[in-house]
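Two complexes are shown next, each including subunit A; its partner changes from subunit B in the first to subunit C in the second.
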Partner chain A sequence: MRPIILKGHERPLTQLKYNREGDLIFSTARDQTASVWYAHNGERLGTLHGHNGAIFTVDSDPTSKVVVTGAADNTIKLWEIQTGKNVYTWTTLTTTKRIEFSPDGKKFLAVNEKMMGHNGAINIYEVNIENPTEQNPSPILTISIPEGMTKFTFAAWTHGAQYIIVGHADGFVSKFDGTTGEHITSVRIHESGLAITDLQTNLEKTYAVTSSKDKSAKLFDVDNLNVMKTYVSDTPLNTASITSVKDYIIVGGGQEARDVTTTSAREGKFEARFYHKIFEDEIGRVKGHFGPLNCIVVHPKGTAFASGGEDGYIRLHHFEKQYFDFQYDVERFAANA
Partner chain B sequence: EDAMEASEASRELITMRRRLLEEWRAWNSSMLAKLESLGLIGGSEEEEEEFKIIE
Partner chain C sequence: MSADIAIGKSTWADEMEEDEGLLAPVVTTNRDGTKTVVSYRIDPDTQKKIKVTQKIREVVVKERVNAAVAERKSWAKYGREKDCPPGPNLITTSVGENMLFRLALKSKVREEDEEKAEAKKVVKDKKITCRICGGEHFTSKCPYKDALGPADATAAEAEASRQGSPAPAAGGSYVPPHLRNGGSAAAGGSGAPSENPDESPALRISNLSEEANEQDLRELFGGFGPLERVHVVKDRETGRPRGFAFVTFMSRMSAERAKKVMDGHGFDNLIMSVDFAKR
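And now, the complex of A and B:
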């Protein structure tokens, strides 16, 4: 599996995202730029300039016409993919840490950080894709943190935008009604006091995987928040992603940035680790980054994955035949039965 | 005796994996059936086909 190294960011990567078809990869970084890359060869299609702060998150609409970015400059920006032009800017109260379009592409959720007198919230914005310069400047729904709970870290829609599932800073996940914003339930799934660092769903949005600083990743059912699988590692995790086609989970992390100077790359555990989604065993590792892995994303058709590092590089891997051929005996038996 | 114990352990592992695989597949297909009944999937499969042809 020979990786393609995407060089273009000067600072740590914060999020990677494929468009729906999987022909483009979007990346965001602390260097205040977002980039658009061709997914098959890693060539850069363009750079989105305009934010005045670290960019944390990106998502494109299902038709790949526009992309939305959220940053530390208290703005959310809408860009036309074809021209790279910033066509609209929403002003937010705080930094936006995660953005995700609803499955129908008519709205997106933004997780706004708790800071300086603001408690943080999830804000839902409508998007007018036909006339991108004309937008409703205000969120159509704001979900506040339930009484007594810690701040939101990441969020995702479930199937049909029925619910929003959210990770908190202390190991809890919560579920809200996607239309009314009503708080339905909260469950602690990770260790107390340690933040949930990523939350990604499968393509059908029926289950989700979270990563945590508690060195584990958990897979749970989005309907009842029951933990179905646990993947145990030996390093704090920053990201976890679900593969399609094969039943794997890919996680990444490594020692905290502030401690990196005291360790070599070999000791820092800067590898993407593969786990079997159903059996929970670790089945492989992919080396390469010189610092912690901040984000991992899997191609929507399950043919490739990309990792973004604290080292400023994106490593793009296309899976080879042996990856698809690998099966446990029981899987081979079930397939032939 | 060691060989018998080893084969016993591996039989248990195989039995467990078979059970996990069956449980997962049953749960997953019940979820997909639910999505289909809500009209949330089905149409997407056609799109998938279309995409493959273009490729």
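And now, the complex of A and C:
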């Protein structure tokens, strides 16, 4: 496997995202720019300039016409992907840490950080894709943090935008109604005091995986928030992703960025690790980054994955045949029976 | 017409100059549909001319793609990529080294680990003592390495305390000649300057990148004065560098200068720590 290395950012990567077809990949970084890449060869279509703060998150609508970015300059910007023009800017109260379009592409959720006296919230904005310069400047729904809970870190829609699943800073996961914003339930799935660092759903949005600084990733059902599988690692995790086609989970992390220069490269554990989704075993590792991995995404067709590191590099890996052929003995027996 | 010829001539001459007298690549189409390309280049290391013969078979693969995806491929570039030609930009996009990626059950990996652990146990039986804390492990693996400071300082102390007590009886460990008869070199006595560790022009470079080789260190440290010896310590089993090296200068002066400058200097992704090597 030969990775394609993308050196388009000067500061740590914050999020990577494929569009629905998987031909484009969007990257955001702390260097205040976002990049749009062709996923098949790593060619850069262009860069998005206009934010005055670290960009934390990006998502494109299902038709790949527009892309929305959230940044530390208290704005959310809407861009036309074809031209790279900033067509609209929403002003928020605080930094936006995660944006995700609803499956119908008519609205998106934005997770706003708790800071500067504001408590942090999830805001849902409508998007007019046909006429992108005319937007509703205020959110149509705001979900505040339930009484006694810690701040939101990451959020995702479930199937049909029915619910919103949210990770908290202390290992809790909450579920809210997607249209009314009503708090349905909260469950602790990770160790207390350690933040949930990523939350990604499968393509059908029926279950999700979270990663945490408690060195584990957990797969849970979005209907009842039951933890189905646990993937244990030996290093704090920053990201976890579910592969389609094959039943694997890819997680990434590594020692804290501030310790990187004072210890040997061998101790960093800056690898993307593959776990079998059902058997929970670690089955492989991909080395390459020389800083902790901040984000991993899997191609919607399951043919590739991209990882973005604290080192500012994106590594784009296209899977080879052996990846698809790998089977457990029990799987092989079942297939032959 | 004459102008055309003149232009043609000048470009031909330019090409010759650029190619440094190399012949242009020759492409011949073979009978079986393959192409043979013969090109020449000069090896940058040996300055020798090299003839490269490549046999190429062109295969046309037709692929059906989504219309929207095909349309997106023709979009004009913008931002920092504005006006760049189609195709990946070499500044931002490169192809990494081919790496082995095989999925396999971890139990197999564990077995290998266990074998290694076994091997370690055998070594352990040979009585290893740490020079820092006296525990049964290698000095470099000492958990108190950071807390108790470098091995050498403690070792010197231990040496000093040992001098107070009678010299170890026969059957003890080897005592180097300059420490026999209650030798006082370590305690700062009247040893010859070359034998006195405090005067040795050797530097120990730790937290060194595994990628660093002897040549890199010669380049890094050669500027401070003539070097006597450069040694990158490697793992006996794996052959990989262990993350530290020794550089010996001809004079103490240049070693001191090098230490002043290079301590805390970054190399690769790590910050080196440079100190005088003690024995």
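Criterion: the second predicted complex is superposed on the first by the 335 of 337 C-alpha atoms of A that agree within 3 Å, B and C clash if a C-alpha of one lies under 4 Å from a C-alpha of the other, contacts with A are read in each partner's own complex, and residues count from 1 in each chain.
Heads up, the rule we're going with is that contacts are C-beta pairs under 8 Å (C-beta built on N, C-alpha and C of every residue); 3 or more make two chains touch, one makes a residue touch a chain.
Here the structure is a predicted model, which is why all the values come from computation and not from measurement.
Enquirer: Kindly classify A:278 by the partners it touches after superposition: subunit B alone (first), subunit C alone (second), both, or neither?
Expert: first
Enquirer: Go through the superposed model and pick first if A:287 touches only subunit B, second if only subunit C, both, or neither.
Expert: second
Enquirer: Residues of subunit A touched: more by subunit B or subunit C?
Expert: C
Enquirer: Name the contact category of A:300: first (subunit B only), second (subunit C only), both, or neither.
Expert: Touch partners of A:300: none, neither subunit B nor subunit C.
Enquirer: Should A:62 be classified as contacting the first partner (subunit B), the second (subunit C), both, or neither?
Expert: neither
Enquirer: Between subunit B (first) and subunit C (second), which, if any, makes contact with A:24: first, second, both or neither?
Expert: A:24 sits against subunit C, while subunit B stays out of touch.
Enquirer: Please indicate which partner A:160 is in contact with in the superposed arrangement: first for subunit B, second for subunit C, both, or neither.
Expert: Once the two structures are laid over each other on A, A:160 reaches subunit B alone.
Enquirer: Answer with first, second, both or neither: which of subunit B and subunit C does A:181 touch in the superposed model?
Expert: So A:181 meets neither subunit B nor subunit C here.
Enquirer: Which of the two partners, first being subunit B and second being subunit C, lies in contact with A:326: first, second, both, or neither?
Expert: Once the two structures are laid over each other on A, A:326 reaches subunit C alone.
Enquirer: Could you tell me if A:5 is touching subunit B, subunit C, both of them or neither one (first, second, both, neither)?
Expert: second
Enquirer: Would you tell me the residues on subunit A in contact with subunit B in one complex that are also in contact with subunit C in the other?
Expert: In subunit A, positions 21, 328 sit in both the subunit B and subunit C interfaces.
Enquirer: Help me check something: in the complex, which residues belonging to subunit A touch subunit C?
Expert: Subunit A reaches subunit C through residues 1-8, 21, 23-24, 33, 35, 38, 41-49, 63-64, 81-84, 260-266, 274, 281-284, 286-288, 290-291, 311, 315, 317, 320, 322-323, 326, 328.
Enquirer: Hey, which residues of subunit A end up touching subunit B in the complex?
Expert: 21, 159-160, 204, 206-207, 221, 223, 228, 247, 277-279, 328-331, 333-334
Enquirer: What residues of subunit B sit close enough to touch subunit A in their complex?
Expert: 14, 17-18, 20-21, 24-25, 27-28, 31-32, 35, 38, 40-41, 51
Enquirer: Report the residues of subunit C in contact with subunit A in the complex, numbered from low to high.
Expert: So the residues of subunit C touching subunit A come out as 65-66, 68-69, 72-73, 75, 77-82, 86-89, 91-107, 207, 209-210, 243, 266, 269-271.
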